[in-house]
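Chain lettering (A, B, C and D) follows the sequence in which the chains are written, and residue indices restart at 1 in each chain.
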Amino acid sequence: MNTIGHIFRLTTFGESHGTAIGGVIDGCPSQLKLDFDFIDSELLRRKTAQSSTASQRKEPDQIEWLSGLLDGVALGTPIAFMVRNVDCKPEDYEALKDVYRPSHADFTYEQKYGLRDWRGGGRASARTTLPIVVAGAIAKQLLKEKGIRVIAKVTVMGDAERARREGDTVGGIVECRIMGVPAGLGEPMFGKFSAELAHAMFSLPAVKGFEVGDGFALAGMKGSEANDTYINKEGKITTATNHSGGIQGGITNGNDVVFRVAFKPIPSLAQPQQTVNRAGETCQIAIGGRHDVCALPRAVVLVEALAAMVTVDMGMMQG
Amino acid sequence: MNTIGHIFRLTTFGESHGTAIGGVIDGCPSQLKLDFDFIDSELLRRKTAQSSTASQRKEPDQIEWLSGLLDGVALGTPIAFMVRNVDCKPEDYEALKDVYRPSHADFTYEQKYGLRDWRGGGRASARTTLPIVVAGAIAKQLLKEKGIRVIAKVTVMGDAERARREGDTVGGIVECRIMGVPAGLGEPMFGKFSAELAHAMFSLPAVKGFEVGDGFALAGMKGSEANDTYINKEGKITTATNHSGGIQGGITNGNDVVFRVAFKPIPSLAQPQQTVNRAGETCQIAIGGRHDVCALPRAVVLVEALAAMVTVDMGMMQG
Amino acid sequence: MNTIGHIFRLTTFGESHGTAIGGVIDGCPSQLKLDFDFIDSELLRRKTAQSSTASQRKEPDQIEWLSGLLDGVALGTPIAFMVRNVDCKPEDYEALKDVYRPSHADFTYEQKYGLRDWRGGGRASARTTLPIVVAGAIAKQLLKEKGIRVIAKVTVMGDAERARREGDTVGGIVECRIMGVPAGLGEPMFGKFSAELAHAMFSLPAVKGFEVGDGFALAGMKGSEANDTYINKEGKITTATNHSGGIQGGITNGNDVVFRVAFKPIPSLAQPQQTVNRAGETCQIAIGGRHDVCALPRAVVLVEALAAMVTVDMGMMQG
Amino acid sequence: MNTIGHIFRLTTFGESHGTAIGGVIDGCPSQLKLDFDFIDSELLRRKTAQSSTASQRKEPDQIEWLSGLLDGVALGTPIAFMVRNVDCKPEDYEALKDVYRPSHADFTYEQKYGLRDWRGGGRASARTTLPIVVAGAIAKQLLKEKGIRVIAKVTVMGDAERARREGDTVGGIVECRIMGVPAGLGEPMFGKFSAELAHAMFSLPAVKGFEVGDGFALAGMKGSEANDTYINKEGKITTATNHSGGIQGGITNGNDVVFRVAFKPIPSLAQPQQTVNRAGETCQIAIGGRHDVCALPRAVVLVEALAAMVTVDMGMMQG
């Protein structure tokens, strides 16, 4: 279950403080000349330390391409890549080895696996999303050829500067728009375009909500307000409004696909928190380390990446 | 893509006005003695015509069991079942054959497949959710043996009686709680418990939003408000609050799993609506037929069914 | 694990003496007008009682189409179908209820599931291959549009008439040829065209061997004898010989795909055999019932059907 | 399609002369302490240059573990590993860049992908089987804990020394035995134990035949000769003979699983061969490079590895 996608598939691996983080992309069309500059620029968008809201870890994020390419052109075989973990400071986490950080995955990983990699969050670290950006950049390149664009932005975010001063963190909402997607994508029963998007977005750390079009607001509307009337716009059938977010019956209708993703605040707080340790004893922790105050700025490129991957994959499913 | 689940799997088939609606359950443990009364009672909860908000179609919903059972006991082989479509009135839909009903799947199905079953919504009809109730009832039976319960309820719903008078419809929100689920279920990367739930819920018609725990509200909270502190409760480690909805890092923490699903209003309105037909000509429609004013009352059992199926499946994945 | 295929997928259900045998085809292209006469003629090829080698069970094999079709045209949604089991004589098997028939699946099913459907072999009966013929016929129709033909024949078979007199049974070999298949089908690593064929053929009851091209004979050849030299035949690159059976590196090379399937003799003998019962006591059985002396004649259409399904599926994978 | 397995899964990547060859193992149970010495010893069995039949390429085969381990113990997360390709001599292959080597995958890869990695066979090189040995060694370790052993040997092989002198190559047969496998493994319809084995073995380069138990010989036997009589052996039900190779109805019966795999001769010949180039012109080639005369000695560990992986996976499927 470390694989996403049906035809355009990404398998990821890696722990925050292990040897490397990486991925294997299976199903990338052969003969695509990879745009490495674009991939690097996308990675830069995700990179930490780029702003006042982000953590201080220095990650060079230098990708090493391991397979699937000949002179930068996709062979049709699996494209494997990795980034080594350097600037690791496991000693920062030594004190947390036996403590369950509130709203982190420490406790649940231990319950699941009987052990956990306590160094920097291990597999649950946000750092493990790096391969998504790489696969997403390639997906965007494939979409660009078809005139499809994916653009996300932060629409809601708490007061990050104040939170930093208080040793606190904030959450927020990212809104994403897929433009130029053709009608007819998505499988109607258990592979709806919306369901695939939801599944992808909930794969990101800290995601707690997802809605398409007017989403939760539709629950309070009447049908006469919520319905999107079909119109004939210069010979092309489209809808006058887009409450549905471009998806009806699970299938794209040719309008922009619009959705929103809610992120909870980052659970690592500089201020003291109470919790228990492995022995069940109550204790206090204040998480030093190098952590973001808010995940939103770097979540934007992740949301876009997964949206692009889903769109490519659903396009391939449609043949 | 008409199959859901990894080990406990349901494949569904059927159009609203075709010969039959049914499913094949693969992965049900052998030796389970099916509780047919319970299955029937669950189907009754979904059934139309049971209340003032629901449509008038008479569906006997008599299940015919086709395979996988010997004297009502599961053989371990696929359990196939079906319900014949009777009381079909395709003539009710004759007038809609060439018209794209607003916010319905008519247009998108045609874009995808080049044709569509215009009789009663075809595969996009809410009637095709019937097999989910059957599989869900079996899943609940399996969960009951382990002390796990799944209970949903409508928490938000528009004014149905008024809407009916106005030829309008309403949407709403269903909240669901999975109680007694052990810690450790869910795969951490691309098969998070939350992601599997989201995917399942977005498989239901009219779903436009999904959130876990405090969901979208978390986007506006600070980490110090949102975090669930671990406590030692009579020797058992649990959390003092449940903002996370029982899921951290994608894995259950032993608390109740809590989530909400937003449904848009049913798009079939008795009042006149403007739209276009296949030729691209503007036209007016008023949908007669036998339709619900609100899908919420029957959505409750569907939400429970899918939640039960996901829980069983994730439990089997965990081994 | 009752599903075969990646995009063109068949899920089957049913026990020999249960209510019905059937299948669900997912991934059949929409707008295909099904050739029901052809499907019936293929079913007739599989049907029992058609020759001196086959059993006496009267099976009308009347297909009931349950979904996925509108006026005989594929909607793109799952095509479900079934055949009711009539002329069942479970009493023929009553005596075998607690006995493990030699080289049958009685013992292994019980070990796996803790119980088994003792009526006529249950899920392990050859009757459960019926849905394969239906899906195969549809696959052949799809291939025909592309000029691809699949033809199998019995090349080795024991002396059936003598075996019948002696209360014995015989095995044999079916050779199959896929003609007109384009070069480039098959996935090179874990989805080789040959591997997919092998997997499909071993899904048939009684199959114990599979080889491609010169197969096992290649093990005794030198490279200079076994290699297929490339030649330019009127502007088209092909091979002078076809020791490889049309597959190199797991991918079709444009030549005929040729393979052979070895079937063991049917294990149900009229002559007495020694075995043990559930209590572990030695006992003698002579299997009456209505059984074939040789499975080969009806295996031909099954081999063709699965070969056609694999070819369609691999074609869809190639896009 | 570079992934094998359902729960215990291996995804491989890499071309012969690319940066690295590697794999990602998903589904390895957490808390397993990897036996690195055993893995290395298995790799040594596959390594080239170990004998007179093998090629001269020096491969250090030094594994670098990238993820999924903490102090050598499996975390339950994906175990990624790789071996860098050193001692690459792409210039050896420069002359073959535009030529289709007989019975190699050059032509078929080009037909499939529109381009190919001409350096040393690229993805089709036998070198890409290295990750299978690693995953197989881990699978064997898991089986050992349950008292299951997998042992293969060469039973048929041509005269390698004579072939070398003649610039020729030879094929052969590997027989494998899985001992101690419990009854009840394998899925009865489309995931038969035999079908899964067949699929796995045909994933190896040069495999052209596969048979279980007496295999093709069963085609010429009578039922009374081929049947395996059940007996009570000191309180345990087993069979007196093992013509079935331990599998009945696709499910293991507790006896040794026995199968054979036929390998064609290596197609790279030192002696001159005629073929055509990309332009369709007839030409002669004599393949220098560093190639084996016979793949059989190193195929033994590969056959064992895949057999072990299938057994582990089917065991996990059984729960």
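One rule holds for everything that comes next: a contact is a pair of C-beta atoms (placed from the backbone, for glycine too) under 8 Å apart; a residue touches a chain by one contact, two chains touch by 3 or more.
Quick caveat: nothing in here was measured; it's all calculated off a predicted structure.
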With centres defined as the mean of C-alpha atoms, identify the chain lying farthest from subunit C.
A
By the contact definition above, name the pair with the higher C-beta contact count: A-C or A-B.
A-B
Inter-centroid spacing, subunit D versus subunit A (mean Cα positions, whole Å)
36
Provide the C-alpha centroid distance between subunit A and subunit C, rounded to the nearest whole angstrom.
44
So, in whole Å, the Cα centroid of subunit A is separated from that of subunit B by 26
Multi-chain touching residues of subunit A, meaning two or more other chains, are 1-3, 12, 77, 112-113, 123, 188-189
Residues of subunit B that touch subunit D when the two form their complex:
77, 188-189, 316, 319
Quick check: in the complex, which residue numbers of subunit A touch subunit D?
1-3, 11-15, 18-22, 24, 26, 30-31, 64-70, 73, 75-80, 82, 112-117, 119, 122-123
Using the touch rule from the top, collect the residues of subunit D that touch subunit C in their complex.
1-4, 12, 100, 102-105, 107-109, 111-113, 123-124, 128, 156, 158, 163, 166, 168-173, 182-192, 194-196, 198-203, 205, 207-216, 218-232, 235, 237, 239, 243-245, 247-254, 262-269, 271, 273-276, 280-282, 317-318
